[in-house]
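Each of the two complexes below includes chain A, the first together with chain B, the second together with chain C.
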Partner chain A sequence: MTDVSLHAEALHDHHGPPEANQSSRVDARTLGMLLFIGSEIMLFGSFFAAYFFVRVVNPSAPPEWPPEGYHFPVFVAGVNTAILVTSSFTMHWALQSIKRGQRAGFLAGMVLTFVMGLAFLLTQVVEYVNVGFNTGDGAFASVFFGLTGLHGAHVAIGLSLLGMVIIRGFRGHFSPEHHHGVELPGIYWHFVDVMWIVVYATVYLL
Partner chain B sequence: MESPFRSEAAAFRFLLITIGAFALIVGASAIDPALGFLVFLILAGAAVAIYLRQRGPAPDREHVEHVGAPDERRILVVANETVGGQELLSVISVRALEWKSEFFVVCPALNSRLKTWTSDEDPARAKAQARLGVTLERLASVGIEAQGEIGDGDPLVAIEDAVRTFHPDEIVISTHPVGRSNWLVRGVPDAVRARYDVPVTHVVVDLEAEAAAEPAEDA
Partner chain C sequence: MTPSHHGTPQAEYPAHFEPPHGPTWRLLFGPGLVRGGWMAGAGFVFGMLLVLALRWWWSWDPYWNTEVILAVAGMVTAPIGFLAGIGSFDYWLHYISGRPTRPEDHSGHGARSWKDYFRVNTDHKVIGIQYLVTTFVFFTIGGLMAMFFRAELAQPGLQFVDSQTFNGLVSVHATLMIFLFVIPAFAGLANFAVPLMLGAPDMAFPRLNALSFWLLPIAGIMFVASFLAPGGAFGAGWTGYAPLAEGQPLGQTFFNMGVQWAGASSIMTALNFLVTIITMRAPGMTFWRMPLLVWANFTTSLLVVIATPFIAGSQFFVMFDRIMHTSFFTPEGGGYVLGYQHIFWFYSHPAVYIMMLPGFGIVSEVISSMSRKPIFGYRLMALSLMGILVLGFSVWAHHMFVAGMADWLRVPMMITTLLIAIPTGIKVFSWVATLWRGRIHLTTPMLFALGFVTMFVIGGLSGIYLGSVPIDIAASDTYFIVAHIHYVLFGGSVFTIFAGIYYWFPKMTGRMYSERLGKWHFWLTFVSFNATFFPMHYVGLRGMPRRVFDYDSAFGDLNFAISIASFVLGASFIVFVYNMITSWVRGPIAEANPWRARTLEWQVSSPPPIFNFDEIPQVVGGPYEYGVPGARHAIMSPSKEAQEVHA
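Here is the complex of A and B:
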């Protein structure tokens, strides 16, 4: 019996639910990540809407930002920004390394990315402790903690993903042919960095 | 359009662009907040324009696997208003004589964009169903067994769905002549040729010419 007729027979004698029909020409896993990031953009968008309302639209908005008597640690946050942006470079290096079959570079890149992400998060916690105001100190404080905290939560999720990639990497997973499990956390990590650039520029600098 | 997050490399590039863009905005704002806002508007407009103009890389041509007996030819016929056209029926008849053929007729339920958005699809589906029924009866009357279904309003999606389930060896697309065919304006036959590695036959059916010729033939 030929392969062709065997395949035809398999199609006709197939039991169970039919094979999923994939009309989209985008890989399902990548499409899932794109949809997830789309929802994330909308989530951040709602927080930015609240932020701009408090700062610009609100009739009783403070004339200065931050309001008089409060101070944002711009320099520390700037250093933190540099750390996070650098972590994107190491993430990119890690993926390029595994694509070329260089496991040492891949693992070093992933560990460096994780360590820098963790440093960012811990620095943010220290910043919160020493910033000099709390969530109850007015709407400006609420949106500050809301926006930066939302981003911090995303960094924490990204670190979980990176941690899983590192564990799998040290157990010998991934290869030049199979590295989708690195690519998707990489997309997410760069997205988190992009959002931080927007948050940092908007909240701290402008 | 290409998503800036379609791959890790694209996302990394987008991050670098974002850093550059916000450096410009912050720099301009330091000079004057209004200038910063203007730079933001210009960059946002440019980003949207570039994003809309981008064309993604052409996807690989898809292999359609042959199923059924080796000597059997599975032909997917895609047509809507022209589904009962004489020219199309002639092509189907020729295929039926040449090969041991199995036909699957798809009539996309063409609808206006507004009606599609408001889910007002029942009339379009009813019209497509009526055309499909008449065509299948007409084919059966000349001894050609065919199956069929109503397809998505977008002909490319309808073809995509049919390819998944029917595995055609050839796709026959019937349209109105140039100037009256919306599918030709959209380049449907060429898009299908570029997408699948099976022969694609484009049949032009001129219903007006057929209608004009009928009284003469009757006379």
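Here is the complex of A and C:
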């Protein structure tokens, strides 16, 4: 009898691939996300390289930064930084909630995170409109819009990932056993936040 | 990806996935090239309207800006529309919209007819072949361009084309060969071989794998289509130096964006390889038992993931400078011109190893199995790959010795450059030591592998010359550089690709290629390659500058000879294509293991079963233990006794 069922199983196996061997304790999707973030860090690295080439290495760099007559909205961007950093905590709260099976906390955390991310992005758009210079106003403006714009694009990607989690969250697709779909966008969101702290410190404070 | 048969309730699926619709409806709205076509058009219109609306909203004059519209609509939204149309995103869109995802029904696996190669297919073996055929199409186009400008260069003065077209031909030739041939051809071979070699049923992310293939034709079409742009193709070379590139006609934007698509494709593939190699090795397949091709792709993928974002950055900056009036690299606006070269070469020097290391892996496989001997110094071979990986990031400025960069940077860069000769030398000596007293079988892949070793040594030696500052200053921007790069990338990379294609051809197609035609192909290529590129060393040292359409008539005879040889080189490719096509269609049926090789892909049928293995094999030893009594690499579908032994 065992032989027969084994045989049946073997036949069944031919309809699908054999289970791949797990040769690492690291989950494949998490590893993929971490490698992707590594690649993203290098993309930011190229923008930081351009920034410091223009500002430091460049023999014709302006003596003042930003050049006379221009200034960066340090305070507004600072408030924006606080918003984004807070959203990292709500993200963490959402993940911990779904791990414990607390659906209300999970959904509230996700929506709060999304709203704060959206607020950050809209503030940045308003900041661009009122900043007092445009992309054509010299190299300092190029690297300013370069770094902050690249980061804004990443916030937008992060937001679409969060939006995806929210849609699926409201449909009840996550549970304490299945929360990978929350964890991975969460990792990405934390990366976007940490990267913003570096960008803010470089562009506005340094 | 035919989603027609799955047993989930109908109401939960979007209407257009349901079989009741007629064949015409499915053709138009089901995933495939037709939907890809019209969705690309829709994407273009959407992008165009988006640009117009935004420019109108900000009241920018004029609303219509061809370059911006082409960059956004033609090179971002239209390709995304195409990808969505062929069905690359179907699964993810299901997931995102919160609908239940279809359980993997594996209908996307395998190819039942040639039409399946024109679909989004998640089978790594199909994707590998898709990659290889696509890359050889672009290899042909790039090669024809080379023939064309060699015809122009056969005599001093202008014969056939104007200077901008000449520059365009040279630039597109190099760009296609690098981004659409060497890099993705290696990705294609590895896509086919690496999961099999690891004992894995597929790559870690099959859908991402399919997507990364389909980005490639987009990039290729962009590069070729730049000839249709007003003003002609981009003519600033594949290096696209700023600010030269910023004064180029519209075609340069095609280069800027094409590189983004090709780069995204190779980052995704590399990420997939890394995750597959780390998490999906068969039981017993430790890192020190992996075949060297897997090692080579592991290191290459690390290089790609770390370095490729830098070329993305550099091309973004140039494009911003061109269409958004920024001044990253324009001195008038306070930009830093040399910054481009630093950022560009920080990718593009590691890219030289991206274009070389997988070839090292292929050659290690071929040389070991064709000389029936274990690889000499297996661990050192793997470690030298890692050594090249690390050193490769510290040498980029040796491309800039004459660019006016800081003087103090020259000598450190020279030293690190020359240091790379050590791990590379280890590899060459290991191959030679592997051959030593081996039982050498001079099959076509082996001929190409040996041709590679000899040609690569010549290219490597001229590289050592060029790595030292004084010689570089003298030889910079001459044909000596052209000779060097072709010895490394043609005599090096392309020979290894041919070796790999011949080596795995029986595994991929289940048929044997014609050994006689293969040998003809090798000898024709080998001789005409040397006849083409060796004299370039000489004309270069005599002072003929590269990238020029006109030259001193003193070089006329040699250039004529070079052009003739290059046509023979081009003709030798016809032998290859003929051999491949006829052998694929009606070659003799190949055995599972015609080379009696030890690695896992040869232990399954030719072509491999749809899911590679019935059961994941148990790896028990190294992959190259030829002639070692009692040594085994793996136990396939473990028998009862084996299970008892390992229990």
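The criterion applied here is as follows: the second predicted complex is superposed on the first by the 183 of 206 C-alpha atoms of A that agree within 3 Å, B and C clash if a C-alpha of one lies under 4 Å from a C-alpha of the other, contacts with A are read in each partner's own complex, and residues count from 1 in each chain.
Just so it is clear, a contact is a pair of C-beta atoms (placed from the backbone, for glycine too) under 8 Å apart; a residue touches a chain by one contact, two chains touch by 3 or more.
Just so we're clear, the structure is a prediction, and the values are computed from it rather than from any experiment.
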item: First (chain B), second (chain C), both or neither touched by A:G186; value: first
item: First (chain B), second (chain C), both or neither touched by A:V85; value: first
item: First (chain B), second (chain C), both or neither touched by A:L107; value: neither
item: Which superposed partner A:A49 touches (first chain B, second chain C, both, neither); value: second
item: Superposed model, chain A: greater residue contact from chain B or chain C; value: C
item: Touched partner set for A:H173, first chain B, second chain C, both or neither; value: second
item: Chain B versus chain C as contact partner of A:P62, first or second or both or neither; value: second
item: Partner chain in contact with A:L162 - chain B first, chain C second, else both or neither; value: neither
item: Touching partner for A:A28 - first (chain B), second (chain C), both, neither; value: second
item: Contacts of A:G138 with chain B and chain C, given as first, second, both or neither; value: second
item: Set intersection of chain A contacts, chain C complex versus chain B complex; value: 21-23, 26
item: List of chain A residues in touch with chain C within their complex; value: 13-24, 26-28, 31-32, 35-36, 38-40, 42-43, 45-47, 49-50, 53-54, 57-58, 60-62, 135-136, 138-143, 145-146, 164, 167-168, 170-171, 173
item: Footprint of chain A on chain C - complex, ascending; value: 95-98, 104, 106, 109, 199-202, 204-205, 267, 271-272, 274-275, 278-283, 285, 305-310, 312-314, 317, 320-321, 324-328, 330-331, 333-336, 338-339, 342-343, 346, 611-616
item: Residues of chain B touching chain A in the complex; value: 3, 5-9, 11-12, 14-15, 18-19, 22, 25-26, 29, 33, 36, 59, 65-70, 157, 160-161, 164-165
item: Contact footprint of chain B on chain A as seen in their complex; value: 2, 4-5, 7-8, 11, 21-23, 25-26, 30, 33-34, 37, 85, 88, 91-92, 95, 182-183, 186-187, 190-191, 193-194, 197-198, 201, 205-206
